[in-house]
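What follows is a set of structures for review.
Both complexes shown next keep subunit A, but they swap its partner, so subunit B is in the first and subunit C is in the second.
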Partner chain A sequence: MQINQSKEGNTIVLQLAGDLDASSAIYLDEELEKVLAMPVQRIFIDFEALQYISSTGLGVFVSYMDRLKERQVQMVLYGMSAKVHHVFSILGIDKLLTIVPTKDAAAQII
Partner chain B sequence: MIRSGLLPVLSEQLRERLLIAWCFFSALLFIAFDLSRFEGLFSQQSIGLGNFEKNLLLVQFELSCFLLFRELQHRSASLSFLEQIQKVFSNALFVLLLALIIKTFLFLNNRGGNMDAIHLVLDLIFFAAVCLFLFSSFFTWKRLISYQKTRSVARFWSVFEWMILFAIFFQLLDFHFFDNTFLLAIGAISSLGLLLSFNLKWVAYLNLVQKGQSLLLILTAAACTLFMYSELSTLSSTRFFKTIDLSGNLVVFSLFVFFISYSVISLLVVTFNLPTSSVFEQKFGDLLLFQRINEVIELGRAEKEVAQALLEGSQSSTASDAACLDIFSDQDSGIHHFATGIDEDHFQRIKHGLFSTTGHVESLYFQNINLKKILKQDVRQGFLSALVIPLRTSRSDIGQLILLKKVSDGFEKEMVDLVKSFTISGAQSIHNTRLLNQEKEKERLQAQMDMASEVQKGLIPLSSLENDLCSVAAAYKSALEIGGDYFDLQMVGENLAFVMGDVSGKGASAAINMAQMKGVFQSLILTHPDPASFIALANQAIGNCLKERSFITLLYVYLSAQEKNFCFARAGHCPALFYKSRTGESSYLNSKGLGLGIIKSAGFYQHIETPTIPFETNDLLLIFTDGIVEARNTLLEEFGYERIEAFLVKHVAYSVQEICRLLQEEVQQFTGGHWDDDYAIAIFRFK
Partner chain C sequence: MINYSIKTTCKKENLKQIRVFVGEKLQELGVKEPESDLMILAVDEVCANLIIHSNKNNNQPLEVNIIPQKEGVAFEIKDQGKYFDYSLYEPPQIEDIRREQRKGGLGMLLVRKIMDHIHYETHSDFNSCHLFKKVAF
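Let's look at the complex of A and B:
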């Protein structure tokens, strides 16, 4: 998996590409840890190029939910394929995370 | 070489005894014969035996001595050098004592007449004793000469032994001292003896005290031997009847010459070696230390013991004033210090000064470091030179040894080499000990894992069940010894409660959560078997047990026998696949749900639906974990929900056990044998 980090104003954008499975989940975890160490208000996670996500990959998002709430950092996930979205919805966390179809939609969330 | 070819068939012990008997008997025969000749001379009766017969008897006595001591030589193999010299010394002293006793006896009883016969016998006994002494010493010297022998020495000695054997028989020819042949023979034997006498490697292995002792012992033995020689030559020249004719006895004469020449050369060599003894002793000390370190290594001792042995060994072999050893821990970044001759604080200051001024530590290794140039007076506090040696293993440096001396330029090349070899052995030993401990730890963990695996197997119910309500088949596998997938079923009256769960993550922590889940299931179904209460309470109970980052997905199914339906709650778990036998339709039971432990508050309830589905005879319900769905093939495609559904529809006619087995086979085949996730499957056929 590849993770590309960029900064747009007070938003950090993480572009995920490839497979997010048991072996690559740790890289996303490390990356999020780094991002949270910065003075950030919004995190965009771009799923556009992500092919696959496993239940372990979901675990990473679950594990950051509480902390993001505490820090009052907004995390927006967008660009998910139907397949990837299905995995989120099975676990039920699609209701707990902010998931929008596109980046534009994400930008409109205040 | 005249190997034990003689009488080879006899046992060693028997051979020894025979030789002793022969020796004793031939000595008696010789004496008796001489006595009879002596008597015969007096009585003017010739018994017809002359010089040749006498010589023959003498030869066989000497031969028996030679063979006897040759046979006995291996006995002294275990003696030290000094003990062997002591043996020669005591033998010499014994013969001397014998000579003095005989002399005194003859002096006191000097009344002529029959005394001459006694005189003769005593002289002969003395001669026999000297012969025995000379042959025994000959073989003792042989041992000393042969110590660390080269091939040429072994060959020369072999020739020398043959020459001595030849000398024994030479007497039969009745040559005399001033004959050219005799002189030639004695010259040859003596020169070879002298040549061999320069093999004195044993001297180097004695310490100063031992050298002093051997000096005295050899000197005394040589003096005794000279006395014996003079006694014998007096006898041979003064007695009117030349029983003991030394001038014609080539072998005795040669042995005397050889004994004396080896003694004299030994004396000289030992004397000149006295001043260098300390160096040799030092080398021996080093060797012993080396041995000690090796012993410590072989026994796989504790790191501390190896370090201590290494430290002391290095310090004493280099005569350093202080030594410090740092061993880097393999578990954390800690360093264990060992020091002698210096306090910790002072050592740290020197070390700091040493490494900070030179920057690169490796550049100091194996160098004779001049501390005067590097450190200030107050830091080095009298130490003038230092040596730093790393403890290297094939993988990495595991420590370093620092030696300090209060003299400048204190570490010579051979010292550095020696300490280097110490540290190599020491480092290897520590490395081995560590590997051993790691291996032990691994084994211990494995044993615990195996035990845990056994315990966990006990948590999983039997793989199939058959009752009035349904038939069930189930399978379970964990990628590691223990896993986080779980299923359980329990009859609650005539109803049946079933649960399947998957703890996020793998291994021990997942397995513990799984065991907790079992506890939660078993206790909750007694009081709250209905899915809505069950799942809400389970979230509360297990939520407190889970770590921040883990969660459990769960599918809880409650079968009612009366109502012919089942109610279920899906807490983020893969939806179950339901097959209606009557219509031949299948569908995933998708309902709202959320994994346990994700929301710990009471609000969790809002995220859960608990639908109720009626069932009819032969309807199927397939429940599984994501290990089945997410099994991927070499193209990284998932097995997925569609394939599961297609599989079930195709296999509805099979028994639940068959379906369970075939599904696993199908997935295994799909992945091409790379299926290494935890998984669980359960399939119900309703009645």
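Let's look at the complex of A and C:
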């Protein structure tokens, strides 16, 4: 899996590409730790190039939910394929996170 | 019907090749998306658990067998690590996983949602996980 980080104003964008599975989720975890060490207000997670996600990937997002809330950092996930979105929906995790179709839609969330 | 088998080792890096193998064989068997995607995910989750928890990411053998059946597809996943006693498994609450900031614990929940039958066995020199998913071919 590849992760590309960029900064757009007060938003950090993490672009994910490839497969987010038990062998690669650690890299996303480490990247989110680094981002949380920054004075960030929003984190965008771009899924457009992500082809696969397993429970380990889901678990990384779930594990950060309360910390993000405490820090008042908003995380928005966008650009998911139907296949990846379905994995979030199987356990209802799509209802716990902010998931929108596009980056434009993410930018409109205040 | 033909059975398909892949033999590899209990390294996390091998999960991708297992997913590719299962995907190719399910396609050959005529299993369509999204059912095939869900079965690939379930097999991946079981293999990941065996690699990480039962075998500690070592070089012990890991074998995945795909057994087509009249009403669906069965999978047999064999390893030689610590036996996972599924009869003792208690499904965690997602809210607890969230509150405790745990990275794991969701895999078996997914497998239970996806598969119609889950069964674990232990033998003298190996353990096996048996999964079955009904498919309308």
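To be clear about the criterion, the second predicted complex is superposed on the first by the 110 of 110 C-alpha atoms of A that agree within 3 Å, B and C clash if a C-alpha of one lies under 4 Å from a C-alpha of the other, contacts with A are read in each partner's own complex, and residues count from 1 in each chain.
Quick note on the criterion: a residue touches a chain if its C-beta (ideal position, glycine included) is under 8 Å from a C-beta of that chain, and two chains touch if they have at least 3 such contacts.
Just so it is clear, the structure is predicted and the values come from calculations on it, not from any experiment.
Engineer: Of the two partner chains, subunit B (first) and subunit C (second), which one does A:Ser23 touch, if any: first, second, both, or neither?
Structural biologist: second
Engineer: Would you check which partner chain A:Asp66 touches, where first means subunit B only, second means subunit C only, and both and neither mean what they say?
Structural biologist: both
Engineer: Quick one: is A:Lys95 in contact with subunit B, with subunit C, with both, or with neither? Answer first, second, both or neither.
Structural biologist: After superposition on chain A, A:Lys95 lies in contact with subunit B alone.
Engineer: For the overlaid complexes, name the partner, subunit B or subunit C, with more touching residues on subunit A.
Structural biologist: Looking at subunit A, the partner in contact with more of its residues is C.
Engineer: Looking at A:Ile109 after the superposition, I want to know if it touches subunit B, subunit C, both of them or none. Which is it: first, second, both, neither?
Structural biologist: neither
Engineer: What is the shared patch of subunit A, the residues that subunit B and subunit C both contact?
Structural biologist: The answer is residues 19, 22, 52, 54-56, 59, 62-63, 65-66, 90-93, 96 of subunit A.
Engineer: Contact residues on subunit A for subunit C in the complex?
Structural biologist: Where subunit A meets subunit C, its residues are 19, 21-23, 25, 29, 52, 54-56, 58-60, 62-67, 82-83, 86-87, 90-93, 96.
Engineer: If you look only at subunit B, which of its residues touch subunit A in the complex?
Structural biologist: 502, 504-506, 548-551, 553, 571-575, 592-595, 598-599, 607, 626, 630, 636, 638
Engineer: Which residues of subunit C touch subunit A in their complex?
Structural biologist: Spelled out, the residues of subunit C in touch with subunit A are 12-13, 15-16, 19, 33-34, 37-38, 41, 44-45, 48, 51-52, 94, 97-99, 101-107, 109-110, 113-114.
Engineer: Residue numbers of subunit A touching subunit B in their complex, please.
Structural biologist: 19, 22, 51-52, 54-56, 59, 62-63, 65-66, 90-93, 95-96
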